[in-house]
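In what follows, chain A forms one complex with chain B and a second complex with chain C.
What follows is the complex of A and B.
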């Protein structure tokens, strides 16, 4: 398995995180500024949360699942199954959300099932490639995202007003606290970091630092940008960043939502591909005799297949409007690395040392 | 063997694509009605929606669009909500209405604007409608504006929009977009440009003259109803304070001469502080004035001072009048929210009193170019 650069890892993680923010904001946002502050505070807290994962990645470059398997077979199997189910659940949410929002954003002529199938097959194709190739693809998506944000900022600069940023809420600290929790719940990128950081050519601590700085800046910046440009309208609309892209005018185009959709789809495919890739690796750890192609197909098609009943019966809103679980994010990215760091090395290693 | 397998898979994929695409909702462009403008009126307890749908009039000619014609077709529909009325328009027109090109929404004078989120629910629910769509108020009925025959541009909607944009740019009316309307909280004040059909043409034979439509000022909307009409002659100061006037014109008197000056490059900065225990609002306005008469270098400074004093006086008068009536059309409450959030929360039910008790100072700096 080839290693990839630290920059590729950061791009993969940013694609995974920013995709969620580009799609829609957390429910019941009372103040854009409060949520921007919450995003920054959450990022600062995540600096502490990622310490065990970074340390584990440094000690066990093969990844937490392999490291757990080496220490204790049963523990390793349990941890691998946890990671696999987590990645497959997130792939289920993303495949369904891509089909749902593609149907919503575009006046599409394609059936939702076909949209889900196309996204899944594209992601499965990406997933069966090497991590280094996925990393390079993520870099392109990242630059596209940065270009989009810059374009939206410049195009809506004339109508931005700093006065629209306010903390006029009844209990500001409570609102910021809720924002911190809500922001951390959406950070499946932390779990991806725990899984992939060992494979980075650069030091995991360094990658974590750069990733968190970029994430805090981009996520906080997006909340502030939408609030400053759209004001209360941004909080009322279902899809604030899409509305901002519709609002962004320049000399060539009257609206930039087509660029938004291009970047959004690209990032979605990268995120889905990474999730399927990670789930495939977990599956192949559990069943080493499985072919890479077949495992990728299984890990990709099963979540999409599970999403179809909800998509076709128009009940997908229940999934996207439901709160994500903070326990799963903290459990996978903090508790599991702490368990693995605290356990002694496997018996075979100690015998070899003797 | 592998190659054959690949070819079979490729054929299967193409067939699957063709098969699944037949389940879709394919719609050719000629079955779509491109809505350029929309009028909303109240008729009894229902809404009457009149849409202008693009219909090229140049059939048989070299170009599909005949610029001497209006190139639109109006379609009307009734409904308990605007969305229901739009659905009736779709049924009447026989086309799938597409709102991605809609640039203007005109509201009749009887439309209740106290709950913008409810009124514009159709726009919030439709991702195609741009937040930059202009909103205006009709002097009487929005359907009159929609049915007006205007051929000065390619379509009637473009002619209306062009009139509105120029009028707003020169400060004769104040611009309002969908974003601005939906940023206003319930029962807060806002300001909209007003359009009126001044003269309806008589249809005489083959060629009919254009109707005359013009912007007639800006309406202050308070508690969802038009409260006061600011005429175009007094629109500049209001538009400047709203940071929406880019240009304007003003007449000054210097040594017995009447000098008309074109104003441009406007920059407006608001600030809010406390002074002697009260909220003190300051506004700095910077403008460049270009006089139409040749003036000597010695006359520059006196002219600049006079223009600055005149603009300060007019803007102060406009601001004091609005604040006295509790009409916050400049987002002063948002400024209080930004600078003093606790103060606003403490005075939640009586923010009008807060703004009425405010002191204000307008400082204009005019450069004569």
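What follows is the complex of A and C.
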């Protein structure tokens, strides 16, 4: 397994995070500025949350699952299963969301099931490649995303009003606090960092620093952009970034939602591919004799298959509107690294006693 | 029937008895009609001069072999040993002289245009390089034309190609290694590299791969590329590039790359290559930097246009018409309203027709080629539009796409196929389909690597070394310090 550059890792993580922001904002948002501030505060807190993961990545470049397996078989199996299930659940959410929102807002002449199948198969194709290749593809997605944001900013510059950036809410600190929690709940990128950081050629601490700076800037910037351009309407609409793209007009095109679709699907497939890739690695760690292609297909098709009943019965909103769990993110990205970091001392003591 | 290889005779030694030696030779070649055997007595010694009709030069044979031997026959001492000594040590008949003891080597050299002299009593052959087979002169490059660069190109003769490279790189570090590849054809393949620049590991790996080829015949570079390109079956793009220009080849050697020149092929294989190499031409180094940057950006834009424009048009017209400004939308709607088929069908049919015309234009004799162009332009361009079978905007899109695809001849095969894929993706799934196809294309390009060097380097993984040269030509001062874009 070849290592990838620090920039590739950052791009993978940003794709995963920004895709969620581009898709939809958290429910019950009262103030865009408050949420932007909350996003920045959450990013600062994540600097502390990522310390154990970065340290673990530095000590165990093969990844947390392999490191756990080497320390204790049962613990390693449990941790690997946790990671695998987490990645597969996120793949389930993403595959379903891509099918749901593509059908919801764009006149694509494809059935939801076919939409989910197409994006899953594309993600499986990407997932079976090397991590370095996925990283390079994520770089292209990243530049596409930056281009989209710049284009939306330039196209909606005329309608931006700084007066819309207000904290006109009853309890601003409570709102900001809720924003911090909502923002952290959506950060499955932290779990991805814990899993992938060891394979980066550059130092995990450096990668984490650059990632958090870029994430804070982009996420906070997106919220402020949407708020300044759309104001209160942006917070009331279900998909604010899509709404902003729809209103963005330039000299060549009347609307920019088609460009948004292009970049959004690209990022979604990259994110889905990364999740399937990580789940596949976990599965192959549990069952080493499994073929890579079959494992990727299993880890990709199963979540999509599970999403189909909800998609076809038009009940997918229950999934996307439900609150994400902070416990899973903190558990996978903080607790597990702390457990693994505490193990070496116990292992060396036991060896010395023996 | 046993395989017609050299196995039976490859290690059999030439007997000292001349008659027996000739009999064996006739037996191995089945008394083929083009094998010329001239028995000649040089004083007391019988000799035979063997050559293949049309391969060795008769004039050179007369001047460099018959004349000296005839003069030697007048001497007093014409024993077998003295004749052999004269042939091998005391005369300068040709610059390429080899002593051969085995029939395998003898036959290889005879079929390469050498002439052999076998002396009775000496179990060896003196083989002299007097090739005189017909070969094409050095001419203009067919597919890699430039404005400011050199106007010569490789031809089918390996030795001529080697000289074209040597003439441009007068360094003792330039090395040529000759191999024979192909169990039946025994084609001469030459590995060229600059000692100290080329990676020895890449060189050894390439050599091993070439020697492990089990094919019977090697007639072009296409036979060899699948064996030296690791990602040949994994990607639509190839990590090995061919060039017919000696200046391009020498520039590649200077960058530490390796050339594979094949006898009978007017070009050479360059490896390892990067994706950005497809967008570089020799003209870039003949113009100023600002124009080179402009030209490169045009090429990249042409690549995107050639692949994506038809599919994008089909997707936007069919699924996302709200993107167009109102006036353009009304024109497009009016144009598409008059045609019977959906844009995706029209686009696919037009592109396929264009490919048929292009293929016909390549195969047809030049005298008839003009007629095909007129017919194609009239039928497709004029009659189809006037009859309402296709719309004019669509024809404009196809015309732009076709022109853009010829900007990058090395990528044309990939562009042709990808264009159809994007048309179907856009026509069936709109921009969603285009996005999925784009992800798969990006992953496909990124997955190509050769000898550990990423095909998308230095862009991805991002490296400062050589990055500027991807989009514009670095100044010659910088190029003098950094001679390669390979990581």
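Convention: the second predicted complex is superposed on the first by the 344 of 354 C-alpha atoms of A that agree within 3 Å, B and C clash if a C-alpha of one lies under 4 Å from a C-alpha of the other, contacts with A are read in each partner's own complex, and residues count from 1 in each chain.
Note that a contact is a pair of C-beta atoms (placed from the backbone, for glycine too) under 8 Å apart; a residue touches a chain by one contact, two chains touch by 3 or more.
Quantities reported herein were computed from a predicted structural model and do not represent experimental measurements.
J.: Between chain B and chain C, positioned on chain A by superposition, is the outcome a clash or a fit?
T.: fit
J.: Please compute the chain B to chain A to chain C angle from C-alpha centroids in the superposed arrangement, rounded to the nearest 10 degrees.
T.: 100
J.: Would you sort A:243 into first (chain B), second (chain C), both or neither based on which partner it touches?
T.: first
J.: Under the stated touch criterion, which partner chain does A:110 make contact with: chain B (first), chain C (second), both, or neither?
T.: Both: A:110 reaches chain B and chain C.
J.: Considering only the touch criterion stated at the top, classify A:292 as touching first (chain B), second (chain C), both, or neither.
T.: In the superposed model, A:292 contacts neither chain B nor chain C.
J.: Identify the partner contact of A:254: answer first if only chain B is touched, second if only chain C is, both if each is, neither if none is.
T.: In the superposition, A:254 contacts both chain B and chain C.
J.: Thinking of the overlay built on chain A, is A:4 touched by chain B (first), by chain C (second), by both, or by neither?
T.: So A:4 only meets chain C here.
J.: Applying the document's definition of touch, where does A:129 land relative to chain B and chain C: first, second, both, or neither?
T.: Second partner only, chain C.
J.: For A:269, select first, second, both or neither according to whether it touches chain B, chain C, the two together, or no partner.
T.: A:269 sits against chain C, while chain B stays out of touch.
J.: Quick check on the superposed model: minimum Cα to Cα separation from chain B to chain C, whole Å please.
T.: Result, nearest C-alpha distance in the overlay: 5 Å.
J.: Would you mind listing the overlap between the chain B footprint and the chain C footprint on chain A?
T.: Correct list for chain A: 107-110, 254-255, 257.
J.: Using the touch definition from the top, list the residues of chain A that touch chain B in their complex.
T.: Residue positions touching the partner: 104-105, 107-111, 113-114, 117, 159, 161-170, 172, 230-233, 236-239, 242-243, 246-247, 249, 254-255, 257.
J.: In the complex, go through chain C and note every residue touching chain A.
T.: 316, 318-320, 322-326, 428-436, 438-440, 442-443, 446-447, 454, 456, 460-462
J.: Okay, in this complex, where on chain A does chain C touch?
T.: My answer: residues 4-5, 7-8, 102, 106-110, 115, 118-119, 122, 125-126, 129-130, 132-137, 139-140, 252-255, 257-258, 261-266, 269-270, 273.
J.: Contact residues on chain B for chain A in the complex?
T.: 17, 20-21, 23-27, 98, 117, 124, 127-128, 130-132, 178-179, 182-185, 270, 331, 334-335, 337-338, 341, 344-345
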